[in-house]
Amino acid sequence: MSAASPAPASGPGSASGPSSARRIVGAVIHQPYIWAIVALLLLLIINLVKDPSYLGVSVNATTGNLSGNVIDILRASAPIMMIAIGMTLVIATRGIDLSVGSVMAVSGAVSMEFMNNSGGGDAGTAIMAAALALGISAVLGTVNGVLVSVVGLQPFITTLITMLAGRGLAKVITSGQNTSATNEPFRWLANGTVFGFPVIFVIGAVIVAIVAILVRRTALGLMIESIGINPRAARMAGIRPIGILISVYIVSAVLAGIAGIFSTASVMTVEVAKTGLNAEMDAILAVVIGGTSLAGGKFSLTGSVIGALLIATLDKTIVFLSIPSSATPAFKAIVIVVICLLQSQRVRALFARRRSRTTPSAPVPTRKETVSA
Amino acid sequence: MSTLIDRPTQGAPVTPKRSLRSRLTPNLETLPTLAAVVIFIGMVIYGEIAYGRIVQFSTISNLLINNSYLIILAVGLTFVILTGGVDLSVGAVIAISSLVGVMLANAGWNPGVVMVLMILIGSAFGIASGVLVQYFNVQPFIATLAMMFLARGLASMLSTTPERLDDDSPIRALSTEWKVVDGPKINDLITTPNVLIAALVVIVAFFVLHRTRLGRTVYAIGGSEQSALLMGLPVVRTKLLVYVISGTLAGLAAVVYTSKLGIAQNITGVGWELDAIAAVIIGGTLLTGGAGFVLGSVIGALVLGLMNVLITRDGSIPPEATTIITGGILLVFVLLQRLVVSRKRKT
Amino acid sequence: SGGSDAEGGGSAEGDVTTIGFVAVGPEGGWRTANEKNIQDSFSKENGFDLKYAPATNGDQNSQITAFTSFIDEGVDAILLSATEATGWESVLERAKEAEIPVVLLDRGIEPNDTELYTSRIAPDNVGISASAAEWANEQFPEGANYVVLEGPPGLSVVNDRNKGWDETIDPNFTKLESQSANWSTEEAKSVFETILKANNNNVQLVFAQNDEMGLGAALAVEEAGLKPGTDVKIITIDGTKAALEALAAGRLSFVAEYNPLFGDTAIEVVDAALAGETVESEIVVPSVTFDSPEAATEALPDRAF
Amino acid sequence: MAPTEPIVEMEDISIEFPGVKALQNVRFRLFPGEVHTLMGENGAGKSTLIKALTGVYKIDSGTITVAGGPRSFSGTADAQNAGISTVYQEVNLCDNLTVGENVMLGHEIRGPFGINWKKTHEAAHEALVSLGLGDLDPQQPLSSISLALQQLVAISRAMVTNSKVLILDEPTSSLDANEVEGLFQVMRRLRDQGVAILFVSHFLDQVYAISDRLTVLRNGEFVGEYMTPELNRTELISKMIGKDYGTLAALGSNRGRVAATEGTPAFYKATDLGRKGSIEPVDIEVHAGEVVGLAGLLGSGRTELGRLIYGADRPDSGEVTIDGVTSEVHSPIAGLSKKIAFSTENRRDEGIIGDLTVRENLILAVQARRGWARPLSRREQNELCEKYLLELNVRPSDPERPIKNLSGGNQQKVLLGRWLATKPELIVLDEPTRGIDVGAKAEIQEAIAALAEDGMSVVFISSELEEVVRLSERIVVLKDHRKIGEIVNGPDVTADTIVDLIATEGSAS
């Protein structure tokens, strides 16, 4: 499903032979996101109990596309995946980006306003609109990055400010109106299919793969982690934190811009007060569920992708089971709490102790880590 | 085998210079808070000149009455933020606590018991956050986000329609308006029990933070949790306690707010946690913990309240600009703090 | 320095009447049209100085702050579009004490104590959703499976629109589900696509409580390879231009207008109140319904919102 | 002298961290009224034993008896309540608070209106006075005083409570001789009052000066318990390192090579290098293959000068030529690309990247210089690791272990490896041997000498003057952030030469 992002520990090239499959399974079981996978499977099973054909994918007779709940989930997960990937990188540097939801709204507002005014329905207009939207997103990301790295403001407060101002900016762009446009190629981004698969998911997966290669096949990942773990030491070792921090916030904002395009293209309307609302929370949850610590440092893109899928599945499951969607937060809360508990040292130590009754193994010492918000 | 450098005995280590610096440094620490006070006064003066009728009994009374809940929330968050944590759940806790409270009061429960229960609901969420943070090493952001989701979700399950407190409910008495000075027309100096509750909370919080070991431990944890632990301070208990304090005060804020409006609703308090955090930051508390004052947070809450009043008075600011203005003001304050901190590092 | 008299502020300069408008703020097409209409009506040329105070994120507390601030300032009259019906007693009493007339726009207050305000000008939410239900009853004499897409649960509009619908719809209709899509097109599309799957596309009717959600539902229907208007009929409330265009194109089936344009009425009421005349406490703004593409096409050219 | 009942008795203590047996069946006894030193190489398990006693780490097996009864503490606070005060190895204070608040944290004096600040500050002053810090203002922020003073402040915390047991883990690592003597006087006084003191230090002089009894650990195992006077230094060292003292004795001196660099152009030459508020303009030059020592009192500005050479801080005056080329070194990466390396004295905050593995830490600087786009292949990384872990004798030598799990001394070696891997032509070593055991110290000194022999330029900073004299060819002496002189090393130069220079310059000004 998420073959796009290579596991940080074992590169695809190194794994070969019949034992490699077992080794990958073995490696996955020890990953912190194993519980997210379990939760994801559980949700799918619950849905299957309600409707045994839940996982069925069929070709829609009228549209000729693949259709099914799984397809819907993939589609819904694409925007979350985008912002979660960007958020992962930001969090790895010990930061946080609360502005992604507002950047989504700005990006959507820019593209809708542009297409609405230019009136062109062709692919060129769509590309121009998207480029403009991503450009402005990048500017917002630069503002975040510069305030955090050069001025030295705290990421939480910096991005809280851009979150407030960004939403305002989106409203200014459309003069407070929800703006629609018609442009078939743009709409196709979110609603079309290639080889029966939703374009939006394919693009999402490709972008995830690009980001994964960019950070894992170069030394960027190592540098990002170094900055997240010990910024002063990283600088002394010759890493340029300012450049990396600014780029990370730009990447996060551009990915949020893409998410904004995705979610406005699906209805071809930007709703200035709604588009991307609380999206930052979903992204942060996806990252944490995926096993990346908010304290920065080691990160897992695969984990975040799984986290995004889990959140999309949860959203869909609530509606599928006819539970009032206003109760969704409560279910999210339960999922987070349970997964965080399972990931915690204390609970893992408990498991280890239970296991050590049969095989002698190391009890885990209680070690306190300094936690920063 | 080894000789260490002998320090010339009489060459005392620059003590006089240091004591001068030490007399200066506390001022630097209070500077962001002082700046908040100055800007608040500036806003008052500007408002009075530009729009008039700011410096009058009723406006000031209403500023306090309308923001007493925010002051209480900001005080609670000051504790949490001083330890380097954050509590995102307070807004949602107000929703669930006031909903449960009104429903029980209308079901005929003793109002005293109901109010205590409302506060305890806040405490319960605080304990849950604290346990997650302290015992399971969940980051404060995530733990309290989970509690925010839980509280909001439970509130929506309880009721999605506004629950109205009976007209004769004694809980409403907390918002009885007492005229301290009866001015012409409605220009009276008014206070309500709610305002007094908020004032009491501020005084007690100030005392706890500056005059008890608990308070000092809060600051120490904010400085370095690891050090506090190895110095033998009760870190575990204190960290748990700050979340309980924050939760409890959110419960109290629910009582205050409910008594004022007489209703409770599942959507009450959306985004108030951000208002409270903004108030704390404007008041000069560092988000990384270890430095700040509870009185600053009160000023921060009043700055936000006054800003809303001024925007209303102006009456021509487009709605899309309001959040930009809030963001801008916040930016000015944190830049100011940043300046102070870097100035301090240079000395 | 607190002393002042009520005449000191707004009307001291002569004919300019200062009006405080406690508003909701951008929320959707309908709200924008409504608030723009009010702002345009109470213009400088008409002798008004309108102070516009939108709520922050629809938070009632910010409205109360704005309201009290207007009282403290001593405006001549206050227009109130409450985000929430309840909890207004104490501030309204203060306005009364300060002798400032209050006119409620759109949303009413609960409990509806007419002593506390001058008049309420609004279309009839209950009546409008009832008219939508009547149309549904006609269209599906032997009933149908339907879904309600509602606004954020808890809002009084949502409760009113549910009330009118539920009271009127025939008992032989089956309500498959009532789900919130938070007034949003995007959410409505996502929610409805799942509902369609959960019910194997066996849905004949959607009651969307605003235009935006109805348009989202139409997209989901098309996405599922069905035809809106034929396979699934969609009812929306508000009557914005976008909805009428969709109705004209056959993508929606019924649009009930919730008329936002009552600025002129509001001016009359305010003038009367300031002149000391008694005003009717309940003024219903007449609204129309559109039940066919033709009706929509006809209305479109001079649709103001 | 030794009463019959030990106040602390640890039997068969074992602790295992993932992959490391930090302690195996260790026993330890502490009697009232004695100073008992815990000896052992880096990573022998000294700090771990202390943390086991105070409950910071849970023991896997074994028993701890305190004052006659079995005890297991849940942490420092718990141990403190039972009369055991501890000063841990790294300075653990809160630098957002004042000196006095740090001293009194948890022991503030309370009155009817909460904490009585006046009395609390007075008590803090008293505790500071007992360590000879009477002129330190308790109201000044901790962050404004030097690391050495902070270490003393940390110790004075222990003076506030009337403890029966006092644990000091390497309290002297950044103190000067006077301060050490002051501390020893206090320790003797407390000992005479019947307090049991557990002491850790790598300085043998200090150990012999203060301790009554020794326990030696090696590789997490108990080697033996001895009365100090009954064990001579050579025997002690052999017990610690498990082999003969010969390696250490054989260590030569660089003094013979002094003249070799005269006349040739300097590899690194700075004129008027300075930075406001940290160091006044300095002229300094280093030749290829030369070791230049920086000597001075604590806080004299040696670190600052080292940082300016590397570019860790931006100089605001001065001209630098490297290899004859005028250069600007304004950031660490600029220093690195000019083939300068800098090993920090502040290992925890500026050195290691705790959660990364030894391998990642080791290659970091090389990678930073190559830039992010040209990653080192896994093979290249492994080669670097193999080479330097072996060369510097890092234990354990597993490159995939998080560096934070290594003992302090081994972390230091990995960091040295990080810099050597960049093949620098000039390396600035700031206190590379601080807190390092005798064996490792000798190894590192040897490595430095060998590097210079191979033509590398070295700037060597150490508080141990003998070390500076032994290794350097020229010694730059700093005082109060100024360069006050330069000594060409020779047979008649000793530590006292430098001390005299500092003292006379002091009285002259």
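Going in written order, the chains are labelled A, B, C and D, and every chain counts its residues from 1.
Here is the rule we go by: a contact is a pair of C-beta atoms (placed from the backbone, for glycine too) under 8 Å apart; a residue touches a chain by one contact, two chains touch by 3 or more.
These are the chains along with the protein names UniProt gives them: A = ABC transporter permease; B = Sugar ABC transporter permease; D = Sugar ABC transporter ATP-binding protein.
Worth saying up front: this structure is predicted, and the values here are computed from it rather than measured.
Novice: Using the stated contact rule, I'd like to know whether A-D or B-D comes out ahead in C-beta pair count.
Specialist: Most C-beta pairs in contact, of the two: B-D.
Novice: Go ahead and note the Å separation of the Cα centroids belonging to chain C and chain D.
Specialist: Inter-chain centre distance comes to 72 Å.
Novice: Can you give the whole-Å distance between the Cα centres of chain B and chain D?
Specialist: Taking the mean C-alpha position of each chain, the two centres sit 42 Å apart.
Novice: How many angstrom lie between the centres of chain A and chain B, each centre taken as the mean Cα position?
Specialist: Taking the average C-alpha coordinate of chain A and of chain B, the gap between them is 31 Å.
Novice: At which residue positions does chain A touch at least two other chains?
Specialist: Residues 171, 176, 272, 324, 326 of chain A each touch two or more of the other chains.
Novice: If a residue has to touch 2 or more other chains to count, which residues of chain D qualify?
Specialist: Where chain D is concerned, no single residue meets two or more other chains.
Novice: Touching two or more other chains, which residues of chain B qualify?
Specialist: Those would be 156, 160, 224, 226, 229, 266, 319-320, 322-323.
Novice: Dump the list of chain pairs that touch, please.
Specialist: The list of touching pairs comes to A-B, A-C, A-D, B-C, B-D.
Novice: Give the list of chain A residues in touch with chain D in this complex.
Specialist: 217-220, 222-223, 225-226, 229-230, 232-240, 244, 297-298, 362-363, 365-367
Novice: Report the residues of chain B in contact with chain D in the complex, numbered from low to high.
Specialist: 1-9, 11-13, 15, 18-19, 21-23, 25-26, 207, 210-213, 216-217, 219-220, 222-224, 226-234, 290-291, 346
Novice: With touch defined as at the start, can you tell me which chain A residues reach chain C in the complex?
Specialist: 50-51, 60-63, 67-69, 72, 76, 171, 176-178, 180, 191, 263-264, 266-267, 269, 271-275, 315-316, 319-320, 322, 324-326
Novice: Would you pull the chain B residues touching chain A in the complex into a rising list?
Specialist: 84-86, 132-133, 135-143, 145-150, 152-154, 156-157, 160, 224-226, 229, 266, 274, 277-278, 281, 287-289, 318-324, 326-328, 330-331, 334-335, 338, 342
Novice: Quick one: in the complex, what on chain D touches chain B?
Specialist: Residues of chain D touching chain B: 56, 75-77, 79-80, 85-86, 88, 92-98, 101, 105-106, 108, 110, 113-115, 135-137, 139-141, 144-145, 149, 157, 175-180, 203-205, 233, 277, 295-299, 463-467, 495, 498-499, 502-503, 506-507.
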